[in-house]
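Should a chain be cited, it is by its letter among A, B, C and D, assigned in written order, with residues numbered from 1 in that chain.
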């Protein structure tokens, strides 16, 4: 049976045009669904892989208070992954299937997590800069056209803001500590500044999907717009903290009312995207090991549930 | 007060050390739901450890490691990060290196059942701080035990593989159970005699095992060394390795602010 | 002299860090003969590290960590045990966590071939100490390379399992090879430009691969971070964990005598 | 075909009686062979399991010199294991078979290695006290009746003496260090003193095999004789070091010309022998893991050698 999709598409376009939300039961163009699956899955994967670089320091947290804060944060990331995988399930793809795609390298996650965490200050830098950049990217997504995604994003953004403040607060506390601690903060910021800028994606000229995604309301600002916003937001925060960014070209442009800044190393960016970053292999191997090691537990849980149902039906 | 401090160290170290083992599971659990749940367990225990170590330090400041003058490191962190392995008072079961998920479930079942029984009695402790810590902890530990019990029964009734692993886990955990019940004069004097809850703990464990159709392994308890075990600072080789990792950043910055 | 010190640190840290990974194999090798042989490799490299770190300290005392007045800790140990991960100058391949025996063989083959080529040239180095260290090291490294090469060929021609594992090991090790050849100004100025030995190293590796009937995997090199890699102190997450273990006792006793 | 063993047995007895050595090709009573296999294998296993408690500190050695010394020592233990397994091979049992018996708990090793090493001072205490006790046990074995065993023992004893001096020297150096180091040495000696005394085995009254073994020249002194000799040797060494032994009953007995000393905890001894010691499970699991993990390598080496032989024969 051939369905005439024209009126459906018209209704879809009208919903988008009115700024209303598409819900799981609504008709949607296949390409919209596929683009959303890719984007939401990538976001979910980023939360899950993102547990590793910070999780690396849980067992070495230098105070019990910080240990609790970090544990709770990494736990929140697992929670975010959970919401987002649920959102993709409303689009017809299971968490299991997406995990397989991640492990097999068929789906990506945010490249920032392919950088190593080398000192405890990195926990702070990730909170401040990485979560900060993520929020810039994500706040507009709270108004994204797909309902479940938008609602997940509202909750996630709220928690991310909290994480960002915690990260900044850690760095601020360290800056009030010893000279070694201050040097540790500066060194960490030096390492994370450029990768954080790369989180907004390649320059607009090299970002082919942006136009379609903006039309569909899945994306609401260009990469370069968001990057500029992030720089403008971060510079005064760095000043308050007492650190500098490792960019000699960074300076206020009176005319534009914005900061000028240097170019990230896009060659490095593409290398990391392509899988050759410092930690890509390690991150995927870690995720794969956890998934494989847990297989027997998931199977046992399924078998147990099946037996319980069978008993009920007896 | 010195005895109360020692008692709080024992309970605090159990929580701190086992929280470390649980926290090592982060990003490694069989599924996201368990990752979140295990982080919750670890968070609860870190919380209990903080309160108990702080209480220990307040009861007897002489146990708190001395740091360079002017160091802002709070007492709870001095105790957690600046003591040597031989100064820790946790039972050896808390420090055993992680095995698989069946080992997590089995060990958690034992430790939380036992700790819950102690904490239920400590709610009526004359020390108001200990009493309050226990009241809060009872709710947490009841959840820990339920989580462990549910999974224990699930693995017992799941697949032949899960049952085999659970059997192995029980063989690994059971030799460390007698130490839990042996107790010290300190526990008997200012806290709860573990021997007094051993029966109750045994009944609960038997119930869970019965639901899962599992039998307790017939294995002897791990020997003490000249009468000493974890409570007397006689630990396994694993503890000093754990502490090397746990304490490394704090110790590199004895004047640090975090 | 500052440049020479930096150069000795690079070569010394490669030896120290890789010796640590080799020493982790102790009591874990496939058979007693290999256990003994691997301990020999580690011993040789610890020996090289000691001489090179001592030479570095003598060439530029400003690089030696300051300890409390009167500390008897010798310079070689100050450098080994009191530097942070970011101060280490080893290549990242030296610090990668151990895999299976195929990984040991493959990594050792690469690292020893490469180091041997460098040391052969350093025999003629104007610094008499460096020259003497190199002369001694050449013999040791030739043995290391032969050990690795023999096992590489054995695993390649052994079973399908050993061949599969060797293939995986090559895929893990190969992305870290380009970093070895990249070199720094320090190496080019006061030592041997690794780029100058890259061809020779490649020929040796190709020969061993050919005898084993193995093909080098077609994998890109691991990215540098803003141009930095191990020689510039940009390490993997594994190094700080290794150092937490390696340095724990020394750091607990900054005035200790051992 | 029934062989009349009487003349063979007579020759064997004569060899033993003359203090000469039995060699692999010589006839020997089956019980002698079995007793020897058990004893030499147990000794070999002790060397191999003994690598673990000290090996535990290689990666944490506090100076590079000590790291090299410890690596070399643990390596020597592997070497001793190798000689001793070779000696058992002359009695008709392969190393592989013995390793299996060890892993399956069918053969024992020295119980001392079921105690944990808890500080770096334990490396010194093991050298001084454990190797010291081992030497007391082993020196007489250099004259043992079975040739390959006796010759292995000569080499081993030489190296053990060297290890003992190194261990003592480590403790001596630490005693010249800080207060914390001195306390560490004393604490370590406290833990190892009693287990070292237990190394000589149960009191003579509880040691049923001693008589037969002495008759055969496999054993040359009783457990209690050797224990007394060890105590008498160790007390002055402890005084020179500046440590005490944790035994209130320890005192010089003018009359006997020896030290009186307290009773080890024989209940603990039997628990550890039976497998419930602090580290029994860990030690065997470690050895089993190494053996299992290495299986594919040993198989590959055999397969490779077989192919090489086949090629030669082509």
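Operating definition for what follows: a residue touches a chain if its C-beta (ideal position, glycine included) is under 8 Å from a C-beta of that chain, and two chains touch if they have at least 3 such contacts.
Remember, it's a predicted structure, so these values are computed and weren't measured experimentally.
Enquirer: Between C-D and B-D, which chain pair is linked by more C-beta pairs in contact?
Expert: Result: the pair with more contacts is C-D.
Enquirer: Centroid from C-alpha atoms only, then distance chain A to chain D, rounded to Å. What do you get?
Expert: 57
Enquirer: If you average the Cα atoms of chain A and of chain B to get two centres, how far apart are those centres in Å?
Expert: That pair's centroid distance is 35 Å.
Enquirer: For chain A, jot down the residues that touch at least 2 other chains.
Expert: Residues 60 of chain A each touch two or more of the other chains.
Enquirer: Would you mind listing the residues of chain C that make contact with two or more other chains?
Expert: 244-245, 248, 252
Enquirer: Building nodes from the protein chains and edges from chain pairs that touch, which of line, ring, star, complete or other describes the result?
Expert: Here the contact pattern is something else, fitting no line, ring, star or complete shape.
Enquirer: Can you name every chain pair that touches?
Expert: Pairs of chains that touch one another: A-B, A-C, B-C, B-D, C-D.
Enquirer: Please name which positions on chain B make contact with chain C in the complex.
Expert: It is residues 84, 241, 244-245, 248, 251-252 of chain B that touch chain C.
Enquirer: Show me the residue ranges of chain A that touch chain B in the complex, using the header's touch definition.
Expert: So the residues of chain A in touch with chain B come to 48, 51-52, 55, 57-68, 71-72, 74-75, 78-79, 81-82, 85, 95, 120, 170, 173-174, 176-178, 180-181, 286-287, 289-290, 293-301, 303-304, 307.
Enquirer: Name, in rising order, each residue of chain A that touches chain C in their complex.
Expert: My answer: residues 53, 56, 60, 115-119, 187, 191, 194, 246, 265, 268, 271-272, 274, 276-279, 281-282.
Enquirer: Looking at the complex, which residues from chain B come into contact with chain D?
Expert: Spelled out, the residues of chain B in touch with chain D are 85-86, 172, 175, 220-227, 234-237, 240, 244.
Enquirer: Enumerate the contact residues on chain B facing chain A in the complex.
Expert: 16, 20, 23-24, 26-36, 39-40, 42-43, 46-47, 49-50, 53, 72-74, 76-77, 80-81, 100-101, 153-155, 157-159, 161-162, 165, 245-246, 248-250, 252-253, 255-258
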